[in-house]
Amino acid sequence: MEAISHAGAAVGVLSKEGVVLAAEKKIMSKLLETSKTTEKMYKLDEHIAAAVAGITADANILINAARLAAQRYMFTYDEPMPCEQLCQHLCDTKQGYTQFGGLRPFGVSFLFAGWDKHFGFQLYQSDPSGNYGGWKATAIGANNQAAQSILRQDYKEDISMDEALKLVVKVLNKTMDSTALTADKLELSSVTRDASGKVVYHVYTEEELTPILEAANAAAAAAEESSS
Amino acid sequence: MEAISHAGAAVGVLSKEGVVLAAEKKIMSKLLETSKTTEKMYKLDEHIAAAVAGITADANILINAARLAAQRYMFTYDEPMPCEQLCQHLCDTKQGYTQFGGLRPFGVSFLFAGWDKHFGFQLYQSDPSGNYGGWKATAIGANNQAAQSILRQDYKEDISMDEALKLVVKVLNKTMDSTALTADKLELSSVTRDASGKVVYHVYTEEELTPILEAANAAAAAAEESSS
Amino acid sequence: MEAISHAGAAVGVLSKEGVVLAAEKKIMSKLLETSKTTEKMYKLDEHIAAAVAGITADANILINAARLAAQRYMFTYDEPMPCEQLCQHLCDTKQGYTQFGGLRPFGVSFLFAGWDKHFGFQLYQSDPSGNYGGWKATAIGANNQAAQSILRQDYKEDISMDEALKLVVKVLNKTMDSTALTADKLELSSVTRDASGKVVYHVYTEEELTPILEAANAAAAAAEESSS
Amino acid sequence: MEAISHAGAAVGVLSKEGVVLAAEKKIMSKLLETSKTTEKMYKLDEHIAAAVAGITADANILINAARLAAQRYMFTYDEPMPCEQLCQHLCDTKQGYTQFGGLRPFGVSFLFAGWDKHFGFQLYQSDPSGNYGGWKATAIGANNQAAQSILRQDYKEDISMDEALKLVVKVLNKTMDSTALTADKLELSSVTRDASGKVVYHVYTEEELTPILEAANAAAAAAEESSS
Amino acid sequence: MEAISHAGAAVGVLSKEGVVLAAEKKIMSKLLETSKTTEKMYKLDEHIAAAVAGITADANILINAARLAAQRYMFTYDEPMPCEQLCQHLCDTKQGYTQFGGLRPFGVSFLFAGWDKHFGFQLYQSDPSGNYGGWKATAIGANNQAAQSILRQDYKEDISMDEALKLVVKVLNKTMDSTALTADKLELSSVTRDASGKVVYHVYTEEELTPILEAANAAAAAAEESSS
Amino acid sequence: MEAISHAGAAVGVLSKEGVVLAAEKKIMSKLLETSKTTEKMYKLDEHIAAAVAGITADANILINAARLAAQRYMFTYDEPMPCEQLCQHLCDTKQGYTQFGGLRPFGVSFLFAGWDKHFGFQLYQSDPSGNYGGWKATAIGANNQAAQSILRQDYKEDISMDEALKLVVKVLNKTMDSTALTADKLELSSVTRDASGKVVYHVYTEEELTPILEAANAAAAAAEESSS
Amino acid sequence: MEAISHAGAAVGVLSKEGVVLAAEKKIMSKLLETSKTTEKMYKLDEHIAAAVAGITADANILINAARLAAQRYMFTYDEPMPCEQLCQHLCDTKQGYTQFGGLRPFGVSFLFAGWDKHFGFQLYQSDPSGNYGGWKATAIGANNQAAQSILRQDYKEDISMDEALKLVVKVLNKTMDSTALTADKLELSSVTRDASGKVVYHVYTEEELTPILEAANAAAAAAEESSS
C-alpha cells in the first residue's frame, strides 16, 4: 500500500448528473504517443469506467478480468453488470492474492465510476487488499489525505457536473507535487447519461481541458486574493 | 487474533423475541455513500444475519461462501439451513486455513443471529481459528472484554427486545474509544419474527436510531447521577 | 502436545456395565447458550461417543470425519463400525498430518467410549501424533498425570457404573485448578445398554449432576476427615 | 534413528523349527486394557508377523500397508506373499519418505518373522531409512548393541524353539533398563508350523510366560553363581 | 531492471512514413557468423518487428510466444493482429512472472514497431515488469536516459524516414560507450509500407549502413564545428 | 559423494573371457542370514549384474527400476537390453534427482558387469550424479584411489579370468581397512559365457573363495619377500 | 557458468567444406574402455553433431532430448531438422531451467556442428543460460578466452578442411593445461559431405590423429624457431 501512496493521484466526485474522474499524469514527454490511449483511465464497459493508481502492469491484468466479467454478465443476463458487483468481483480477486502463499498482492487502487438502474450513478474506491466502499467523493494515490480533506470541505450534496469538474481540478491542483497543473498533466473523464438515457463515458481532450483549467486557475487566484 | 481486538466492536444480544446486533462504524466521512450498504452487517439468508469484526475483504469472501451454502441447502432440502450448520460450515472453512501451509488464516470474527425451527432464535460467535459457540449475549472486536463484563452484569434471562436494544447501545456507548455514540457511528439490526411467523431482518435507519440513542444517553446520565 | 496438557481435563472409566466420560468445562459464562450442545462431548454414532481435550476447531473437523466414516461403514456392512476401527481411522488421519510437509498436526486428544459386539464396552485414548491404546481408565488434558495416578489407586476391575461415576467426579475434583467442582463446570456422559440391549448414550443434565456431586463432596470430606 | 534407540527393545531369534519374537512393553499400567491387543506385535498375514520399535502411529500406517500388500498378493497369485518380498515392499515405502522433500521419514524399525515355501523360516530386520537384512538373531530398539552382543555369544546354529525362547528372554532380561523382567512387561510370540504344516502365529499369554520367565530367572541366578 | 540498463542500447523513432529501430551490437567478433541472423532484431509477423535489450535467452521465449500469438490471431480472425494487442499479450505474460512465487521475471525490455489499419504506424516500449506505452521516439538499454534526452531535443512531429534514420544513428553514436559507431556495431531496421500498401520489414545490410553512418558522422562533425 | 567414499569398496575387472566383480562386506556377524542373499551384488538380468557402494535402501529402488527396464526391453524387442542402455537408463534417473528441487540425490555408485552381442563383455561405473563411463578395471567406495592405482599397475590388456580373480582379491586385500581378507568378508561374482554361449552370472561360495584367497595371500607374501 | 570454465575445452571451426570439432579429454586412464564411445562428442542426427563442456550427466539428458526432437521432426516433415531449430530447441529447454523455481540450471555448454539445405554448414555455441549464436570459429570450456584470441588471429574466411583441422589442434595445444597434446588426450570429429552429397559425421581414430598431431607439433616448433 506504500507504493500506492506514491503513485500519481486520482480523484473522483459523484454528482446527481454523473461521475467525474481525474488523474495526474506522471509520465510526461512530448515523445509519448498520447492520441490513442489514456494513461490511467479505463473503460470497463459501456456504463462503467475506472481510474487507477499503482503498478500499471498489475492494473492491466485486473482491467482485462473486469472487462471479461462484464461481458460474461451481459451475455448471461442480457443486461449490464451492476456496478457494485463488478467492483466486488475485482476485490475478491485481489483478496485472494493476499491470502494464498507464493503470490504477490496486486499493487493497484481503483476508482470505479458507473451507472446502473439499481442505484443510479455510483463511485467506488478499492485498495490492494480488496477492501472497497461506496463514496460521494474520494481520492487515491499520492497525497490522498490532503485531497480528501479538501473534498470534505468543498463537497456539497447537490453538486452539479460543472461544479464537480471544477472540484476535481481544484483538488489535483492543490495536492500535486508540481507547481502548476497544465492540460498535458491532467486526465479527466466523466460518466453521464445523454438525453436518450444512454450512459456516456467521455474522456476530455486537451482542447476541452484548457478552459476548465483556466477557470480553475482563475478561481484559485481569486480565492488566494480574497483570503489574503 | 490481535487484529480482531483492534477492529471496531460488535455486540449481539439474544432475547426470546429476537436477536439484536450492533456495531461501531470505524470509517466515518460525510463523503461516504451510506444509503445502500451497511459496513459491518450482512444478511446471509432470509432467516440469518451476521456482524463482522476484522478485515472486510476477508469477510466478503466468507459471507459469499455462506450465502452460497445457504442457497444450496435451500435448493437441496427445500427448507432454510439451520443456523448452527451454517455457522459450522464457515468455521470449518476457517479452520482449514489455519492448518494447511501457504495460506493466511481469515482475519475475521463473526456474530451470527438467526432463527430456525429447531432451536428458535440463536446467537453464535466465531473467531478466526474456527472455534464457535452459542451465546445469549456476547461481543467481538475492540474492548470485547469490557463489553462482555457489562453484558454479564446487565443481561437477564427474560430480556425483551426493547431492553436488548438498550443493552447493546449501552455496551457500545461504554466501550467505544470515542466520547459519545452518535447515530452515524452506530449500525443496529435485529432478527425477529412478524405476526405471520416470517423471520424479519431489519437494519435501523438513522431516524430510528436517534430516539434509542437519546433514551440510552438519558439512562446513562441517570445512572451516573444515581451512582454519584 | 504441550497445548493438550493445558486444555481442560477429560476422564474416562470403563466398567462391565458401561463407560463413563467426564470433562471439565473451561469456558463458563452465564451468557453462554448451554441448553443445546455439550462443549467437549460428541456422539459419533449410536454406539460410540468421544470426549475431547485441545483445539475445538480441529476437533470439529475430526468429529465430522468420524461420523462420516461410521455412517459409511453402516451403509456398506449394515452393522455398526467396530469401536477400535473408528478410533484407528481417526488416528491414521492424525498421523498423516504429522508426516507430510505444509500441514499442522491436529491439536486434539480424544477419549472414545463405545460398545460393539466383538469386545463389549471399550475405552480408547488417542493423542495428537496418532498413537492410541485401549484403557480401563484414563485421563487427557490438564493434570492428566495426577488424574491417572488417582485412577490407578482407586480403580477396581469389577467397578460398577455408580462407582465409576463417583470415581470420575472424584478425579476431576482433585485435579481441577478451580477450588470446587460445581455442576456448571462439569460435563458427564455415559455409554450403557438398556434392557433390550440397545446402546444408550446419555449426557447428564445439571439436575442429575447435583446429587452425584454432593455425594462426591461428602465422600471427599469424609476421606479428609479420616485421613486427618 | 536416534528415536529408535530409545524405543522399547525387540528381539528375534530364528531356529529350524520356527521364529521367536520378544519385546519389552514400555507402557505399563494396570489400567491399560490388555486383553485384546498386543502393544508391539502385529500379525501381517497367516504366515508372517512383525515386532516394532519406534513411533506406534507410524507403525500402524506401515502395518496396514503391509497387510494390504499381502492380501493383494494372495488375491493375484493365490499363494502367500514371500516374506522377503513383503519386507522389501515396506522398505521401499520407507526409503521414499527419506528421499522426497516435505515428508518426514517413518520413525520405526521392524523385525519380520515368517515362513514361506522358498526359504522356510526367516527373520528380517529393517531400519527407518529402508535398509533391511536377513538375520538368524537380532535386536532393535533400546540397547540393541548389548542385545546383539549377547545373541552373538549364545546363539547356536541348531538352536531349538525352547532354547530360542529362553535366549530372547535372557537377552531382554539383561538389556532392560528396569531391574527384573516380569510377565506384564514382556510380549512374546512365535511363528511355527503345526503337524499339518500350517503356519501358526502364537502370542504367549501371561500364564504361558510365567514358567518361561521363572526358568530364565533361575538360569540367570545359576549363571551368576557359577561366574562368582 | 538493473540488468536492462547495462544491456546494449536500442532506439526507435516513429515517423509518418514508417518506424525505424536501431540497436548497438555488444558481441562483435569477426568469427561471429553474421550473415543469417540479427542479434537484437526480431520479425514477429509480416507487419510487426521488435528490438530487444536484456537476456537473449529470455527474449527468445517471449519472441516465440509472440509469433505464435500473432499466427493464432491471423488464423482465428483472418487479419493481422493489432500491434497494441500483441504488445499487451507479451506484457501480460511478463506481469505474471513478477506476481507468482517460484518464477524469475523475464529480464528483457522490448521496442515494438508495427503498422495496423486501426492506428497506422506505431512504436511501443515495454519493460520487464510488464508496463508498456506508446511512444513517438524512445530508447531502452544502456544510457537510455541520455538517449531520450537527445530524442526530446531533436524529434519533430513531421519527421521523415530519412531524418528518422539519421536521428537514431545520431542517438546511438552519442550514447555508445565505444568511441565511434561503425557498420559492424550497428543493427538497423525499418517497418514501412510499399507502393501497394504492403507492410515491409527491412534489415539494413552493411553496405546500406555505410552511407548512412558517413552522413551521420559528417553531420556530427559539422555540428561540433558550428558549436565550437 | 562423500558418503560413497566411506562405503565398502567394490572392484571390477574386465577380461576377454568375462567380468569379475568383488566387494568388501561391511556388516559381518555370524548371526546374519547369509545363505540367500548377497549384500552388495545384484543380478539385474540374465546377462548383466551390478555391485553397489553406498546406501542400500537407495540401491534397492534403483535395482528394481533396472530390473523392470530390462524386462520391459526384453518384452518389447524380444532380445536382452544392451548393457550401456541399461546403465544410462539408471544414470538418467539419478541425474533427475540432482536437478529438481525437493529431492535427495541417490547415494549410490554402481559397477555394472554384463555381456551383449554389440560390444561383448563390458564394465561400467556410475556415480551418484549420474555420470558413467566404460572401464577395463575400476573401483568404487572406500579407498578407490588406492585401488585404481593398483589396477593401473597390474592390469594387462589380455588378462585371463583367473588373473582377473586374483587381481580383484589383491586389490581388496591391499585397500581394506581390516588387516586380513577372509572369505566371510568378501563377495565375489563373475559374468562369463558357458560352452553354449549362454551368459552365466556366478556368485562364489565361501568354499570356492577359500583357495582363491589362499593363493592371493601366498602371492602377497611372496611379493613381500621378493621386495624385501 | 563458473563450472563450465573449468571443464575440458572444446573448439569448433567452420569451413566451406565442413565443420571440425575438437575436445580435450580430461579423464585419461589406460583402464578406461575407449573403443566404443567418445567422451565429449555426440552425434545428434545424421546431419548434426555436438561437442560438450560441463557436467556429463546433464549433457546426456539434453542430448537425448535433442535426438528425440530431431527424430520427431524427421517423422513429421520427412526432412532433416534445420540445425538452428535443433539448437534453439535445446536452448529453450535450458532457459526454462533458469527461470522456474526448484530447478537447477543445466551445467553444460554445447558446440553444434551441422549441415542443412537452408544455410549449408553451420557452427553454433550455446551456454547454460540458453543463449546461443552462430560462429565461424569458437571455443568453450577451460581457457576459452585464450582459445578465441588464437582463433581470431589465425582464422581465414576461406579456410580449408585441412587448415581447419590444423587450427583446432593448434588451439588445443596452446591452451591445454598439460604440456603436450597426445593422441589419447584429443577427441576430433568432422561434419562434411561426401561425393554424393550425403552428410558424413566422422570421429578420428588414434591412427588418424597421429599424423595430424605430428604436423601440428612440427608447425609449432617451426613457429617457435622463426619467432625466436
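So that you can tell them apart, the chains are marked A, B, C, D, E, F and G in the order they are listed, and the count of residues begins at 1 in each.
The rule is short, and it goes like this: a contact is a pair of C-beta atoms (placed from the backbone, for glycine too) under 8 Å apart; a residue touches a chain by one contact, two chains touch by 3 or more.
To keep track of the chains, here are their UniProt names: A, B, C, D, E, F, G = Protein with putative role during mitosis.
Here the structure is a predicted model, which is why all the values come from computation and not from measurement.
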{"item": "Contact-graph distance - origin chain C, target chain F", "value": "2"}
{"item": "Mean-CA-position distance for chain F and chain A (Å)", "value": "76"}
{"item": "Averaged-CA centre spacing for the pair chain G and chain D, given as whole angstrom", "value": "61"}
{"item": "Two or more partner chains touched - positions in chain A", "value": "101-102"}
{"item": "Chain contact topology (line, ring, star, complete or other)", "value": "ring"}
{"item": "Traversal of the chain ring from chain F via chain G", "value": "F, G, E, A, B, C, D"}
{"item": "In the complex with chain F, residue positions of chain D that touch it", "value": "14, 84, 88, 91-92, 94-96, 98-102, 119, 122-123, 129-138, 148, 151-152, 155"}
{"item": "Chain F - residues contacting chain D, complex", "value": "27, 29-34, 36-37, 39, 55-58, 60-61, 64, 97, 101-104, 106"}
